[in-house]
Every structure is written in C-alpha cells, then in structure tokens.
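Below is one structure. I have some questions about it.
Note that the chains are named A, B, C and D in the order they appear, and that numbering of residues resets to 1 at the start of each chain.
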Amino acid sequence: MDNQPPVESTYSPHTDMAIEAHELARQAREIIRGVSEESEEVGDVRISRTHVMNKNGEREIGKRVGHYITLDVPKLRRRNPALQAEVSRLFAEELKRMADLKPDSKILVVGLGNEHVTPDALGPKVVERLFVTRHLFNYMPDALGEGFRTVSAVSPGVLGVTGIETSEIVEGIVENVQPDVVIAIDALASMSLNRVNASIQIADSGIHPGSGVGNHRKALNQETLGCKVFAVGVPTVVHAATIANDAMDLVLSQLDESVPGNETTKLFKNFNPQEKWKLVQELLEPLGNNLMVTPKEVDEFIDDTAEVLAKGLNMALHPAITAEEAAQVTH
Amino acid sequence: MDNQPPVESTYSPHTDMAIEAHELARQAREIIRGVSEESEEVGDVRISRTHVMNKNGEREIGKRVGHYITLDVPKLRRRNPALQAEVSRLFAEELKRMADLKPDSKILVVGLGNEHVTPDALGPKVVERLFVTRHLFNYMPDALGEGFRTVSAVSPGVLGVTGIETSEIVEGIVENVQPDVVIAIDALASMSLNRVNASIQIADSGIHPGSGVGNHRKALNQETLGCKVFAVGVPTVVHAATIANDAMDLVLSQLDESVPGNETTKLFKNFNPQEKWKLVQELLEPLGNNLMVTPKEVDEFIDDTAEVLAKGLNMALHPAITAEEAAQVTH
Amino acid sequence: MDNQPPVESTYSPHTDMAIEAHELARQAREIIRGVSEESEEVGDVRISRTHVMNKNGEREIGKRVGHYITLDVPKLRRRNPALQAEVSRLFAEELKRMADLKPDSKILVVGLGNEHVTPDALGPKVVERLFVTRHLFNYMPDALGEGFRTVSAVSPGVLGVTGIETSEIVEGIVENVQPDVVIAIDALASMSLNRVNASIQIADSGIHPGSGVGNHRKALNQETLGCKVFAVGVPTVVHAATIANDAMDLVLSQLDESVPGNETTKLFKNFNPQEKWKLVQELLEPLGNNLMVTPKEVDEFIDDTAEVLAKGLNMALHPAITAEEAAQVTH
Amino acid sequence: MDNQPPVESTYSPHTDMAIEAHELARQAREIIRGVSEESEEVGDVRISRTHVMNKNGEREIGKRVGHYITLDVPKLRRRNPALQAEVSRLFAEELKRMADLKPDSKILVVGLGNEHVTPDALGPKVVERLFVTRHLFNYMPDALGEGFRTVSAVSPGVLGVTGIETSEIVEGIVENVQPDVVIAIDALASMSLNRVNASIQIADSGIHPGSGVGNHRKALNQETLGCKVFAVGVPTVVHAATIANDAMDLVLSQLDESVPGNETTKLFKNFNPQEKWKLVQELLEPLGNNLMVTPKEVDEFIDDTAEVLAKGLNMALHPAITAEEAAQVTH
C-alpha cells in the first residue's frame, strides 16, 4: 500500500517541498486538517516545521506522514562564508534533534543523483566531502577517539546508466552494511524560484517515487530498507511546467484586473486546472515533461550548497567535530 | 563599430540561431529585405541556408552579415548510430564547402563553454575528441602522411572562473599559434524546444557578444582575431523567458479564439511585447534572466552531439580520414 | 579454505598475470606439474593459454585453478586504430569461447578500481563505455530486437574511500540483480614493463585478495557471489619493488660475468631471495610497499585500452553488434 | 643562451629540488662554490634556504641562479588538519617574504600539469581552489574592500594534448593580462621517496625545460614572460630510474662491506656512473625514460597538498584573508 504514487494532484505544479505543497493546498482552504506548521526566524534563516500528522494530511498535500523541517535562507545565494557557516550549524542542530542518534548509531549516507547533470549532482558532491569512518573502525579500531560514529557513504548514481535501479544498489548495500540509520541526500524540485539553492528540507519520511530531480522509481524508507531513513534535500531546479503554468496565471490575473467582472467569469471558465495543464503539456511536448529550469551559475551554487550540507553532516554525525574542525575536514 | 550589441529586439525571445531570428522577423512581414533563405531535405535531415546579405538584413533579424547553415535533425535525439554517422558526414560536407580550406591551412578549434555546467559543456567535449596534429608537425614532421592538416585545439572555458575573459585567452593563443582559420564550437540557446540537441548551425560570421549558453562578452571574429572565424553551434537550452513568453502567447491565443472579435482588441491592447516582457521579468526575477530550460537527460544528449561534431570535424579538417576511420580516432 | 592468501612466494616480485607466474616458476624447474601452457601467433598478437589444472599447480605458481588467456600485443602502445580494432575482435572471440554464454544469460559487468588514480581507472572507464540493456528489458521489453543480452554494469570503486568494501557493494548488487555471469574488469600489476598497457588477461577463476592495482581485500568468485565470475585485466603498472629487484639482479649478473668463477659463490651467497627482498624493503620503506611504476602518458594508454576492452565486450555480450557497430556504440 | 639545457649531469638521478641537487653535489666535495644553504626547524617543519649565487654554483648543481626555499614536513602524509593549517601559514609567510608584493601588484597564478594524470594534477587542483579577483576588479570595482589584490589564474595543461605548447598559451595570456608577477605551481620529481608529498619548494628563478612531472619544453621566466616568475612545487613522484639506480647502489655497497678491500677496487671499476646508467636504461627500456614511481594513495595526497598550497596562496596574495577565512574560501 505504501507504494502507491504520491497523492499530489496531477494538474498542479510539482514540488518536492512539503512546505510548498502545504502552501498550495491552503490556496483553496485556510486550514488543512492533518497538517500543522510553525516557523521562527533565526538571523537570516527562517526555520519552518511542517507536520503531516495523518492520512488525511497526506492526501491533502501529497506528502507522506512525517515531519518536515525547512530552512529558508534567501541570502545563501550571495556566497557569504559567515552565513554559510551559520547555516551548516543550524542544519546540524535540526538534523541532530530529528534523527536522535545514539552514541553508537551506525549511519549510512546515500548521495542520490547523477553527477554528470550539474543540478542533480548535489548528493554525490556531499558524499565526497564527508568524514567517513566505518573502514577505520573495522581495520584500526583504536585510530579514532571518543565522539566519532561509524559513518559510511555511497553515491549509487555516480555509477551512471548501468541498467540497475538506484534502489536495488542501495538495498544491497544496506543488507551488507547493516546501518541503524540511513540519511539520503538529494537535489529537489521547488515550485518557487525563490527557493532554488536557497533552502534545505530535512524529513523523517524517506524518499519516495517521483521525488528529486532524478525522479526515483522506488521508495527508500523504513519499509524498503528496514531502518529509519531521513531525507535531506535542497531545491536546485524548478520544473519548466511550473514556470509555464505561472506565466499563464500571471497573464490571466492581469487580464482579470483589466476586464469588467461579469465578463471574466465567462472568459476564464475554460481555464480550469486541467485545461491549463493541457496547454502546458502542448507547449513542452517536444521534450516531454522532463524539462528543468536552472540558473546558468548552477555549478557554483551546487558546490557551495554541497559544502554547507557536508559540514553540517560532519558536525551532526560526529560529536567530536567542532565547527572549526568541520571547515578543515570537509573538502 | 562592430562591438555594438546585437540588434535583436529587447522584447522578443532570445535565439542564437539565424534561421529562427529570420522566422521571427517574418511573423510581421513576409519578406525581410537583405535576408534570403533556401532549404532542402536530405533523408532525415533538413538543410537550410540563411544569408544575411547587408546591414539592413542584419538590423532586421539581429544576426551579423554572413552565411548561416542549419541542419535540423528531429530524430537525432533518439540516439540512432546510423543517423548520427550520416549527420557527421553531412556536417563535414557543409563545413568543408563553407570554410574552403587550402591543403596547408592551419586550423585552431576553440571549444567555448564551461565543462562544469552540463548544457554548456559541448565545446570542451568536442575538443577532447579531436585529432590534433600541430605538435606532430612541429616535432615529428614525417610522422603523418598526405592528407592531414595542422590542427590545434583549446578549451579556454574549462579553466572556470579564473578572472580572465575567454576572449583574452583566445587572442593570446591566436597570436602565438598563428592559425589561418579559427573554428569556434559553442552551445547555443534556441527559441524552440524542437531544436534542442537536434540542430547544428554553421556560420562564417564569428561569435558575438551575448551569444551562446555562456554569453560571451567580446567578439571572436576576423576583426578581433585577424583570421577567418567559423562558428559551429548546437542549441542545448531554451531560455526560461522564452518558455514563459510562449506560455503567455498560448493562453492569449486560446482566449482570442473563445472571445467575440471586437472585445479582443480592447482586451489585449495592454499586451504589447514590452508589457508582456515586463510580466516575464517579474516572473523570473528571483534568479534574474540567467535561467535555462534543459532536459533531464542533457548529459547523454551532450555526449552524443559532441561525438557527432567531433567526427565531422575530424573528417572535414583531415581529407585523409574516412568516415570509418573517424569512428575509430574520435573518442 | 578458499580464502587463504595467494600462494605466491613472499620473496619474489608480484604479478597478477598467470603467464608470468608460470614463467617465474619455470626459472627454477623446466616443468611445473599441474600447469600447462600453449600459445599461437595471430598477426601482431600472441595468444597464450595457461591452465592451472590442480592444487599442485596452484601452489607452485600462486594462481588459482582455472584457465588464463593472455593476449600480448607489444605494438598496442603505438596507438594504431586498425590494430586496436583487431585486438577488440580477438578479445571478444576469446571471451565468448571461455564464458560460453546462453542466448538469455544475464550479465553483470563490474568495473573495479579507483577512477581518481589514473592507472587504476581502467575498470570504471570500461563500464562507462558499455552498451547496457537491463533497464531497457525491464521497462521497454520490445525496444531491442534479437541478439541482445541483459547487461548491467557497475563501478563500485568510483566511490573512493566510503567506508564500504568493494566486495560488500558487489555482493549486495548481485543479490538484487541476480546475474548468471559476472565479468570483473581490473587494472593489473605486471612483472614486466613489456606488458604494461600491451597485454590482456582473461580468466575464469574470479578476482582474489591482493590482486589488481587497488589490491582487493575479499574475493569475487563463484563461492562469494554464487555465479560464474570471469576476470578481465590489463597490466597498467609494475610494482616499484619489482623494478628495484630487477635492478639488483642486473648488477649482480653483470658482476657475475666479470668475476672469476670460484669467488662468485662466496660473494653472492648473502644474496638469497630473502636477503635481496630485505634490501628492496629498506629502499622503498618511506612509502611502504604501495609504490607503482607507471609511464607518464598513462592517461592516453588507459583511455585507449578501455576503448579496446569496451568494444570487445559490446561484441561478445551482444551477438547483434558487429565490429562496425561496436565502433559506433562504444564511447 | 638561457635556453641551454639544465646543467645537471646526465649520469645521475634527476631531481627538481635544488636542495637535493646540492646534496648530491656535496657527495663528491664538502663545499660547492657559488652555493650556500642554511636551515632551521619550526615545529614539525624544517625550512632550508639554498642560494645559487653565481654561474659556477649553477653549473655545479644544475639549478639556475636564484633562491630556493624548501619546507620539509615528513608528517604531512599523515593527514593531520592542524599540521596542514600550520604548513599553509608557514608557506604563505615564506612566499610573501620572497615575492615582496606591492599592495597593488597584479598576480597571475599558472597551474601547470595534466589533470588526467593523478600525480601531475597538482597545479590544476590548486588553481581551482584559489580566490581569484581580477574579474571583480574589472566589472565591479567596489565589490571588494581593502586588502585584496588583483589575482587571475589559469591551468593551461587541463587542455590536454591540444597541439599547443603550454608556454605558448601562457605567453599569450601574459601579453593580454599584463600581470606584475607570475606564480607557477607544478608537481615535481624528487630524488628521495622521503620527500614525496611531504615537501614544498619555492623558487624565484622560474620554471625551466625538463623540470616538473610533465617535463616542460620551454622556460617560463623573466626573459620569456617579461615579469618576475616564482615557482612553487611539491614532489609527487620519483623517477623509476632513480629507484633502479638506488637499488644498484645498495647492492654494491652491501657487497663492498662483505668483500676484502683490495678486491673491491677491481670488482667495481666497471661500475662508474655511465656504466650504471647504461644498465638502468637497459632495464627500463621497454617504456623509455618516462617512468614515474608514485604511491597508490596518490589521489588523496594530491588533494591534501593542493588544499595546503591554495590556502597558503589565498593568505599570501590577499592580506585581508586570515587563516580562518582561508579555510572557508578555499574549496
């Protein structure tokens, strides 16, 4: 039953962010039963917590039951080292609180995505910067002092088109490595250009089909992997369909303002969501629905974001690593 | 005078393809003075020749005086080795005819673009597959038999953000290498999703500011480099602004059909190009005008296209290389 | 019992090639019981077949019971496309004969080695050039005609230091992919500079601890993976210890010639293999025994060799692919 | 005249380090006229200063007139972040003192070497981590505050085999960029395994033919580039010929101890340097003299060393960057 497709409406823009799905749902109704949300500002960072509490909430916003934390940092794109360090720290704090690791928890970090497609390369780029220790614990048990956990990491997608599903690779590795916790890192699609390379989502509900820039076919979650799965993602693209849809809405709302009220009703009744979505499909048809919108400087943004996440993970997974040390061991 | 910005209207979608700029201009008037075009079908390939004959043509379509050949191959995206080989051959034929190389012409191939941003990596990927010979002629003059020209190649953009303009690097190299002909390879922006990774443009007018996915700041042409400069490009992206603009047009034309004639005039008069363009800017504002639309499988398309161009170049530049040998020496 | 270390003497140069291990053993005795060998010349290629027939042979030469085919092609380093094509063809022939695949055999190719260390990058570079089909058979069963087998491929070592053993990753994938046959590609250490980038070894005995440039810790063979495992390797390095040892031998043999017979005995009695090996260790001590000798142009050799192997594999695994097509689909 | 080959003896091991060339010369005579050297210990780092004062010194040790600073850090290979930070700091100090930059000096950093051959990739890997500013000063003069110099950087060798000499590319760029100072980074060959990835050499005499892992054909120095050229290098390989030569010496010295004195003279007279070198050539003949010895973990060492140099350069070139900030901006 858990393998059913996400509940998101077929006629609305796609988002991998629970906070946006919630926002979208609230455009129709102020309150969504089964979903709660609160947020706070910490300096330049807005931290929001979206809770999908039951199946009703899940159906309404199309995101699984679970907790979703969003760090929105509009200034992150300006490449400010001090702000980046602060975001690493806050991200580490939130991840630690959510994951509630034991001192001896064994963690496997999975970097999803294809390193050959720049906006999808976030996961692999985080993995290559992690401080992994599992081989040290196995072969030189005394090499590390207190405060280090057993961390291993894998980027199944750097393996390229291999004829093997990412989930098959991850399942096989989990069976052999037997981690207590899996943390999956992935590049996401947002509904809003404002969040591209400027937000981090942490979730305790795993990774689900159709999510991420690379659109996974199978879930990575407690059911499929047999252990807790946390998902960390950063939006790096917006779907072209979302942009097209927004452009149509913008034109229609402009018209709406300039046309006498009673005519509008008549005019726009053809443009229910299905109708509009049909126009979007028609527009993008030559290249199917697999079109991403991404800034030209995507390579620099991805490198910076990978650094921020990797530093945060190194701090969150190894209590012995301080913020200063994270800057040294992460590269 | 040649450094004036391209003449393309500020309120219309951007395209690096002369054939599209011509098409766009003809939406207003059937015939554009100073521009001629003819085309033919060769199997699955449509070959069009657009000639910008004088300054009037240049002003009208925003492309420099010169000859532009377009190979449109919609089936190229289906990854058919036989068709790819045929396109390499046709491309080599057209390039040879246009460049009119002497048996002892010295050629420098310049692969423009940033290898770290997948849709901009075409130039560097072509360069690394070329059969370069200049060092052989210099150090082992008898190593090669008849039918090979002196070919060198450089990818200035793989150097990343280095604080040096691409044109400064190319100018310096041209002064030292003293080629008779420069061939610049670049990833282009098209106005149409149909052409993405499915068309090749060859031009004898060089590379100009604002063209290409990476948007060059200075021209590479006869004036700046002191030798003939041919430009070879493949569209790998469409600007997000183009998609947004198309979406707006589509909605407006749908409305146009469903509304009684005389009301339309009133309704749409607000939506002149400038007005529409202001809406597009507003929509894309958070990430500026540097947004590209690109398919998710961009890495495979770029690899395939680079192979097609490199094989064609190896055949066009070295008469001794046959189609079979091009398949062997290109990798 | 099968996990015992290879039987190779501790005091002799290391080689991953059965033909060299046999040669070495025959320096002491003309005939090694349990090992047979025959060879033939095919144009510029010498094909040798070394059979380790029983445990005695295994003990004597330090290579597992099994069949080892060696293609020696001294001219391969001169980068001749015609010879490369011929070697691809011969390699495909030999691999097909040895592997004896059924029309519906499912094959997993494993590219061993670390892509970040040039001479160890052979496996990953072969994998990225393969024509993989498993995903096509799974999702579009009618996409391919007759003559294609289900091929998947993985390069576990591109992950670098991840805290996970290569064998753990491969075992996990094999459990999920359930191939009938595994073909492991690896860069090897030779005892002779003559074979570096100029020989191919095909074996039906799998991959064993301590073999390959990267020195695997666990075996990949029928016992550990539950299916037939063929190993394909090309020597890309010689151990520095081998070079040092050879240098000592050369000096001693020069001395031997220039010194009156009866004094030599006295002189050289200190230099039994153990003694000499101690000197080698002393010499290389600062960097341990992990020193490789490799030519400066290693990057070009590795690219060429990967191309030769990938073309051969594409032909051997897919009967429908001809030599001409292999040149087209391999890149 | 300056283009004459380096004066180093043809029959002795090759080294790119002045300190080793001096050491080698002193094996024959205690004092080398025209060369002076002093050294000091700073924690785990030994800093030596070798001064080649005149043409006599140049002839004797085969290194150009100039100053050579060597930082020997045997513990650097153990990957200790605190020690790495300290070495960055000391390197920055020494470079600043030698280069004596003005507040408004314009610097071009040239990363020599081939990124596709791991031990030769040091230069490109340093360049990609530098904080370059020239484009900021050109396009946004107010973006940076006090304490930043105009820095540009280029890695001509990442262009691979392009038919163009590295020196031709660098000369062309220097003509266009007009720097006051060039700093060239290169991977070196040492004579001693102890120094591999454990030493840094800084010199004010430029880069000369035959030096570096990639063996440049033309000089990069004041004469060829028209500005001061500093060279920064780290030994990443030992030539195989050096190892072979050392192995021969070791055997001979062992024999020397075990044979009665007067016989030795007779025995070893055949082994003058020329004779020994002939044996070395014979041994390595199949792959010519282009064989490098390098540790298997070369990728990790190169990454670490590039980080150390880049941090040091960022501090030395921009007075405004502190050690803490260098850790943030270098990646």
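Note that contacts are C-beta pairs under 8 Å (C-beta built on N, C-alpha and C of every residue); 3 or more make two chains touch, one makes a residue touch a chain.
Here the structure is a predicted model, which means the values were calculated and not measured.
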{"item": "Partner chains that chain C and chain D have in common", "value": "A, B"}
{"item": "More contacts between chains, B-D or A-B", "value": "A-B"}
{"item": "Distance between chain centroids, defined by C-alpha means - chain B, chain D (Å)", "value": "42"}
{"item": "Length of the line joining the C-alpha centres of chain B and chain C, rounded to whole Å", "value": "44"}
{"item": "Chain A-chain B separation of Cα centroids, rounded to whole Å", "value": "35"}
{"item": "For chain A, residues that touch 2 or more chains besides their own", "value": "161"}
{"item": "Parts of chain B lying in touch with chain C, wherever the complex brings them together", "value": "81-82, 84-85, 303, 307, 324-325, 327-331"}
{"item": "Chain B-facing residues of chain A, complex", "value": "114, 116-118, 120, 161, 192-194, 196, 213-215, 240, 243-248, 250-252, 254-255, 258-259, 263, 267, 270-271, 276, 279-280, 282-288, 290-300"}
{"item": "Chain B - residues contacting chain D, complex", "value": "127-128, 132-136, 150-155, 158-165, 168-169, 171-177"}
